[in-house]
Amino acid sequence: MIEANLDDQTGEGLGYVMAQLLDAGAFDVYFTPIQMKKNRPATKLSVLGDPQARESLTKIILVETSTVGVRYQTWQRTIMRRHFIEVQTTFGAVQLKVATYDDIEKKTPEYADCVRLAKQSQVPFMTVYQAALAAADQADKEC
Amino acid sequence: MIEANLDDQTGEGLGYVMAQLLDAGAFDVYFTPIQMKKNRPATKLSVLGDPQARESLTKIILVETSTVGVRYQTWQRTIMRRHFIEVQTTFGAVQLKVATYDDIEKKTPEYADCVRLAKQSQVPFMTVYQAALAAADQADKEC
Amino acid sequence: MIEANLDDQTGEGLGYVMAQLLDAGAFDVYFTPIQMKKNRPATKLSVLGDPQARESLTKIILVETSTVGVRYQTWQRTIMRRHFIEVQTTFGAVQLKVATYDDIEKKTPEYADCVRLAKQSQVPFMTVYQAALAAADQADKEC
Amino acid sequence: MIEANLDDQTGEGLGYVMAQLLDAGAFDVYFTPIQMKKNRPATKLSVLGDPQARESLTKIILVETSTVGVRYQTWQRTIMRRHFIEVQTTFGAVQLKVATYDDIEKKTPEYADCVRLAKQSQVPFMTVYQAALAAADQADKEC
Amino acid sequence: MIEANLDDQTGEGLGYVMAQLLDAGAFDVYFTPIQMKKNRPATKLSVLGDPQARESLTKIILVETSTVGVRYQTWQRTIMRRHFIEVQTTFGAVQLKVATYDDIEKKTPEYADCVRLAKQSQVPFMTVYQAALAAADQADKEC
Amino acid sequence: MIEANLDDQTGEGLGYVMAQLLDAGAFDVYFTPIQMKKNRPATKLSVLGDPQARESLTKIILVETSTVGVRYQTWQRTIMRRHFIEVQTTFGAVQLKVATYDDIEKKTPEYADCVRLAKQSQVPFMTVYQAALAAADQADKEC
């Protein structure tokens, strides 16, 4: 994880650097509101990425933000195995990510599919999302 | 209350504007972390002040920040009556604000006094703060 | 809505006052992290309640917190009509809140029911929650 | 301003509703992190819009989120007059928003222009932004 | 410390998982508001626990939340030695945690005791808390 | 980095400890709003400092706050090389920090200089800041 505290960067500039880092292959980029000295509201930028990408991600941070340094550290991870399934709903087909670890299994409908079908059918996003979960649950029972 | 959402201002600049507004007589100035469109971490500036001061406080915000507009609104207030008492502690005299409303009374040691005595006696801030509260409580019982 | 900014109250004390306000009939109580002068991280307390309860809720705030005043203001509301239905899931019966407004209808499983059944059946909370939603959806289709 | 506190909505769903509200003509949509009862981290949704649009924006919130009600209130506003100017930089032409109020005037480079030129010239976003400000400042001096 | 970023979990579900983790023996569980890609307000879940409990705490997170992975890391700790004393106040007996490290000693009234006595005597929580601190301070002086 | 979660400390007390830690030589001190058990809004204190200063900074935290322990961990850092230049603006001389790393170079006007000149000339802080950046940019072009 690479982190930097930013008190002399605008929100606009931070939105831009998030996009740059994701384009460059960062796994995840997130902001945390923090409070720095001299009554400054600030933002902590956190970037998760491949260790091989540390140098290139760091350079994007140094180029695009006002910080003069970053700190970094390796975290270990426990990651569930993932594969995808597809289910049929009233609104169309939706992919679900199936994540497994030991005897744990859970399914998450793909955001992009739900958004597309919700707009197509002019129904709420959550209606498609729930329909996909229900269809996946039904499929499980039928096996 | 006057408010503005700021996504193109730095934390440094916001620390500066807080000082400017307090110097100009605002009762209270505070920041709230918010999240605006296009993935922008931003800050909501809130200023409480005398209705007569609205125009002058607004101008400071328009001059010193990047916002092109502010919103404002009147809130009603229930305010406790306040007077000050002084108590003696091992570390020296401390003023306490005594706030009353109906049958409610409560006392708060003055921050500046506690800071000064804590540094003078090289004890923790909270030690002086507690000593002042205990002394005030003792004084009450003796009456 | 009643609000107060608190910079000389502990988190412990704030957790306590939330419980007191809810017990006294507040509709909703929530905290927002804010940043006040002199580098103080602080908390804004917001209380939504019946206008008739304003005086009693204000007194709880003045008694239990360090603030010497509150501000308040009336908001208007658009509220959906609500009634409850019950559905059967594999894990037991779950109540759902059905909220309607014009042609909008949506259903939300009751938190307490889902928690109870999840613990009883030793399944994840979300499994019961989804099962309740799917059962409600199925019931709709059968009508 | 229309507001709703959301403790039974996912972040994914909230990102979606922000887009829906902006598409429907809301002036501004922002999220504030709040803390609700029963240890629930939650999000306050705030929507600024034309009074005429209140009903339609409210419906989007009721349809797309889990809330069963919204609160709303009118704020007054002080808005600077705005017009646009264009300046030439080494990287290309940039529009700036010029905001004026009494004797106050300030200029803000357009985000979209800066992003486009930064990517085109492969320079940092802030380099284009600063160049636009400097060019506008130079233009002022020459008049 | 075990951490996970959650953008497809509700606040309700997060309040539930905090309780599950504390029941399972986590030392501490806390939430941090973060901002993820695609305009998603999200929550970082952090869990502190015994290294031996890492696997079981991880499983609770994977079962009860929507995350497909957690990250973890060992921090070192400097912990004060603790013992408990009991003092008498006007409202009843209160336990205080006494923490010591080198020449540092500090006392903290137990939250549960203060809550119980405050409700019993119908006085503010802070009144009992201060009375306990003052009694402990008095006891110290008398030794 | 040294961290502590504080739920029984006031914002006033936290503002004080930030000053103490900076006076004692901490590189950086910042606060993050967090949410702890029992509905407690709390603050995470983070302190960056020289490894040699860890013991003394820890002692300040243990003395001045209510925590009974801190956690700490070493992060690695990538730091840009820095030197200072001075430029002339209409408002007076401003120092800029020039930070370099490989082929990256960026300049940041010194906050204290900008504040001093802004007050002296009664212009907005950002006007001085921008003037300094523009002057530095001009100087670069002339070389």
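Per-chain residue numbering starts at 1, and chain names A, B, C, D, E and F are given in the order in which the chains are listed.
Here is the rule we go by: a contact is a pair of C-beta atoms (placed from the backbone, for glycine too) under 8 Å apart; a residue touches a chain by one contact, two chains touch by 3 or more.
No experiment lies behind these values; they were computed from the predicted model shown.
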Same or different, please, for the chain C to chain E contact, judged on whether over half of the interface numbers appear on both copies. same
From the C-alpha centres, identify the chain that is farthest from chain F. C
Looking at C-alpha means, what's the farthest chain from chain A? B
Between chain E and chain B, distance of the C-alpha-averaged centres to the nearest whole Å: 27
Where chain B and chain F are represented by their mean Cα positions, the distance between them in whole Å: 22
Chain A residues counted as touching two or more neighbouring chains: 8, 12, 18, 31-33, 35-39, 41-42, 63, 66, 73, 106, 111, 124
Based on which chains are in contact, what kind of graph results: line, ring, star, complete or other? complete
Residues of chain B defined as touching chain A within the complex: 6-12, 14-15, 18-19, 31, 33, 36, 38-43, 66
Touching chain F in the complex, chain A uses residues 3, 5, 8, 32-38, 42, 44, 58-59, 62-63, 66, 68-73
Tell me, which parts of chain D touch chain A in their complex? 12-13, 16-17, 33, 63-64, 66, 111, 115, 118, 124-126, 129
So, in the complex, the side of chain D touching chain B is made of residues 1, 18, 22, 28-33, 46, 48, 73, 75-80, 82, 97, 99, 101-102, 104, 106, 108, 111
If we count contacts the way the header does, which residues on chain E are in touch with chain B in the complex? 33, 35, 37-39, 41, 106, 124, 130-131, 133-134, 137-138
